[in-house]
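Below you'll find a set of structures to go through.
After this come two complexes, each holding subunit A, first together with subunit B and then together with subunit C.
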Partner chain A sequence: MEQHRVEKQASWLKWKWWLILFLIAFFIAPFILTEFYLTILCEALVMSLLALSFNLLFGYMGQLSFGQAAFYGLGGYTVALLVTKLHFNFWLSMIAGVLVAGLIGLIIGYFCVRLRGIYFSILTLAFGQLLFFIIYKWHNFTGGDDGIQGVFPPEYLKSPTAYYYFILIVFLLSAFVLWRLVHSPFGQIMKGMRENSVRTEFLGIHIARYQLITFVIAAALAGLAGAIWVPFYRSVAPFYLMWIKSGEPVMAAILGGPSTFYGPILGMFIMTFFHAWVLAFTHFWPVIMGTLILIVIFLLPGGILGFAQEKLRGRRSKGT
Partner chain B sequence: MAFLQTQAVVKDFGKLRAVNSVTLDIRKGDVHAIIGPNGAGKSTYFNLITGYHRIDSGKVLFQDEEITKLPSYRRCKLGITRSFQITSIYPKLTVYEGVLMAILAHRKASLHFFSSAKKYFKEDVWRLLEDVGLEDQANAQGDSISHGDKKRLELAITLGTEPELLLLDEPTCGMSPEETETTITLINKLSQVRGLTILFTEHDMGVVFGIAKRISVLHQGTLIADGDPEAVRASEEVQKVYLGGAA
Partner chain C sequence: MSFDVIFNQFMSGIARGALLFLVASGLSLTFGVLRVLNFAHGSLYMLGAFISYSLWKYLLIPVVGFYVAAVLAALIMGGVGILIEFFLLRRLYSRGWPEQLLATYAIVLIITDIVKWCWGGEFLSIPRPKPFAGAVFLFGFPFPSYNFFIIILGLALVIFLWWLVYKTRLGDIIRAAAHDREMVSALGIPIPWLFTWIFMLGSMIAGLSGAASAPYGAIALGMDIDIIVECFAVVVIGGMGSLPGTLLGSFIVGQVYSFGIMYKPELALAFIFIVMAVVLIIRPWGIFGKPER
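Let's look at the complex of A and B:
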């Protein structure tokens, strides 16, 4: 037991230096990157939030959601509508975006958490597409397929650098809260539900209730991602809610490793930057992405970080 | 006073009547065995008590409170916990985490969102691990330990909810003779030291007659005998359908 504790501490020390290194890199990024790549970095951070929210359901709770982008879009549309139509305060709009996504998550989640496996996935997909079509067709309220343009942030956040720091801080705070959440007693119960829901129910846990809480947290977090992205991009469009968008966090998690906390972030960074880079010389991005996913599934089962973790654990247990 | 009471409980699977109007009282503090040949309805009867299956007719009372329609998680909160015939543990969690799950759930700490789970109930987890003899395996992953250890882990998990009534579905199934011996000692200790009421099913007659204070015999879903071990051993009907005259 003592030995285990020491080992834990050593690996944490190693992690801490990595973390500090990344933090420094993030904070000096605007001085190094061109404006184009700074924009891509912003996108990667926002999409990583979406991927984290998705992985709360997939990696930790054990349910595959195919409608996570719906909450992302809802957060974005709430901000866009409040800012352009009602000239609402920027910060209050942010909060409203999170609340609307969480509230709709509560309603949709109420039905979804009653189902398991593929049925859960299909229902999240169906609800996601339902919301997409409502927004797509409701022309005089949402702008239909035109979306909403002219969603400006306040003056002091208008420069890309300022907004980048805003996104970075929101990202870091959310990631920290989420990290605490998955390591809390509630997080432990979440992992237990994933591993063996029958056993967990016979410990006195009301599975549907705990899954609903998780679902709402994930929806609110996805809403936050959408809410901070839209003022940066100055516009929002219906495809933000579409199932294709919902597929992105799925792929990011599989790429980076759904069994790890940082996996989906890594996956999303690879996808976003690779996408930006590849688009410079070809439009066949989906083909390249598909190949990449295939390579990972066959050569690195468990995703990049998941595979690395498994190797590391294997080496450590052999060594002792 | 009956601690747990089933009144004419019935369960049908299609045309098959798995449990046929079983009325039985379990007394507080007893170690009570349910025996019967394969397909006698023992596991189904267990599932009716713990809420895993819905009851078709009849009533279940726990401490004079009707629990017939309560979902299983509510029954667990009242103090009824079970183990499964096919061992039910957390394969990818460590042994320690599995036991911690149970204590978190029972002590109402499962809705703490922001503090580290590692800091909770350390002493209680270690004590339970020592009770079942798994303290050396605390950091092993659930699916990496031996079959006997998995059974003991499941026992530790069920004990983590501090039950008043513990239902064990074949607790020594698939164990080596030594492991069986340890488990029997453990069950005896639990009933004596903690005053637990234990209801269990078992195929191994050595185990049954070794620890049970009372034995009930099911045959094709019907209760055909109920009493202390001597009475059950002497019953002609039991010998005919079950013990095959060998006892």
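Let's look at the complex of A and C:
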């Protein structure tokens, strides 16, 4: 046990300088980047939260959710409705967005955690599409396919730079909390459920309850991502909940490496910037994303970080 | 609510259920044998609808033009199915199911853009073909006679699949492969060949049902995801990989949709999901399915 902790500290120390370097880069980014690229960076950070929330279920619990965007959209819609219709306080709307996503996550999760594998994916996809459908059709409450426009943040957050720092701080705090969570005993239980659910159950762990808790945490985190994105973008539309959107965190995790903590973030950054670049000359993004998925599946199993880890491990074991 | 309204709604539900069965049976068949859930099944259905539209429009065959277009679309989709199985899925059977699922998801994205590129985003439709062009009156209510064509096609497919799965040698192999793939392989039956064949058959059924749906509703982008979500409801309710389950699931979802839309159109899909949720609580593996191993 003691040795384990030392090892973990060592791995933390090994990456420390990289982390500090990235932190500095993130904090000085607004002084270097143009407003266009700052916007893309904001999107990458927000979508990385969604990717982290997806990977909490996929990478750590072993369940592939194809409906994570539904919670993202719910968080966004909650904030948009509260701010535009009730002129609610911005910060309270944020909290409400997270709570609504978490609460709906609790209801949907109650059904989903009964299933494993493909069935779990089908059910999350189906529930996600159901929420999309309801918001799409409920015209006089949600604005239907027009969505909701004019969702403004408070005065002091109106400039892109100020909002960028807000997003960055929320991102860092959430990532830190999540990092602590997956490295806690709770995280060990999650991994245990992934590796061998029968044996974990024999240890006296109530699998369904832990999976439900994880599902709710992931839903709330996705809701947070949506809640902070919508005031930045000033509007929300039903396609935020659609399964194509749900496919993005899946893709990011596969690209970056679902077996690592930072993989989904790396994947989402690559995807978001690539997307912005591609959109400059074509609208056929789905076909490019589809081809990219196939390339990663066939040529880069384990994703970028997973692949790198494997290589490093191979070299180290050869060295000793 | 009088009897004739209920009967009319019931018949609409049967027609919708028949269309759902056409699509879901192909999905269920491929899953039963290959153990791969094909997200792209709805996309093959959509592509079949668009291809049949173009064939109908440009071949200009009198009278039977639609039927010829439908059969040709099914054959073309069979070819597309062979290509997908041979070049993509075949390399993924040894990998985990998430990769297989993602590969079929990638196909969804690619087909979406191909359709957008070739046919644009407009709504297209084929007028109802000849003997089923008009309406029949059921207790004084007009009922599109094309719905009978869908129902007949659905029944024909039920009989064909039942005959194929339970009465032929190939059906014996299919059922054996669904039960124990390695044993079948050990008996000298070429599994890769069987998989290609089944995937082609599933794609043909998807293409045919897409073509059949063209005069029933509109052809448009997004019809792939609409149908696949309902098909997921069908197979989850009925039990994945089971023919009678798919039939029962299609019937239930068709009826729930038909009566739901009469009661509150915006919530038709929600009613289907409530039924699905109830089934999941009582029997998570579906009415006719087997518990997961």
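We take it that the second predicted complex is superposed on the first by the 306 of 320 C-alpha atoms of A that agree within 3 Å, B and C clash if a C-alpha of one lies under 4 Å from a C-alpha of the other, contacts with A are read in each partner's own complex, and residues count from 1 in each chain.
The rule we apply is simple: a residue touches a chain if its C-beta (ideal position, glycine included) is under 8 Å from a C-beta of that chain, and two chains touch if they have at least 3 such contacts.
All values reported here derive from a predicted model rather than from experimental measurement.
Student: Would you check which partner chain A:196 touches, where first means subunit B only, second means subunit C only, and both and neither mean what they say?
Tutor: first
Student: After superposition on the shared chain, which partner residues are touched by A:205: those of subunit B (first), subunit C (second), both, or neither?
Tutor: first
Student: In this superposition, which partner touches a larger number of subunit A residues, subunit B or subunit C?
Tutor: C
Student: Please indicate which partner A:314 is in contact with in the superposed arrangement: first for subunit B, second for subunit C, both, or neither.
Tutor: So A:314 meets neither subunit B nor subunit C here.
Student: Which partner chains sit in contact with A:187 here, subunit B, subunit C, both or neither? Use first/second/both/neither.
Tutor: In the superposed model, A:187 contacts subunit B only, not subunit C.
Student: Looking at A:116, would you say it contacts subunit B, subunit C, both, or neither? Reply first, second, both or neither.
Tutor: In the superposition, A:116 contacts subunit C only.
Student: Both subunit B and subunit C contact which residues of subunit A?
Tutor: none
Student: Mind listing the subunit A positions that touch subunit C in their complex?
Tutor: Those in contact with subunit C are residues 58, 64, 111, 114-119, 121-123, 125-127, 129-130, 133-134, 137-138, 243-244, 247, 250-251, 254, 284, 286-287, 289-291, 293-294, 297-298, 301.
Student: Give every residue of subunit A touching subunit B within the complex, in rising order.
Tutor: 1, 4, 177, 180-181, 183-189, 191-192, 195-196, 198-207, 210
Student: Quick one: in the complex, what on subunit C touches subunit A?
Tutor: So the residues of subunit C in touch with subunit A come to 37, 88, 91-92, 95, 97-99, 101-103, 105-110, 112-114, 116-117, 225, 229, 232-233, 236, 240, 265-267, 269-270, 273, 276-277, 280-281, 284, 292.
Student: Please give the residue numbers of subunit B that touch subunit A in the complex, ascending.
Tutor: 50, 71-74, 76-77, 81-82, 84, 88-93, 97, 100-102, 104-106, 109-118, 120, 138-139, 142, 157-158, 160-161
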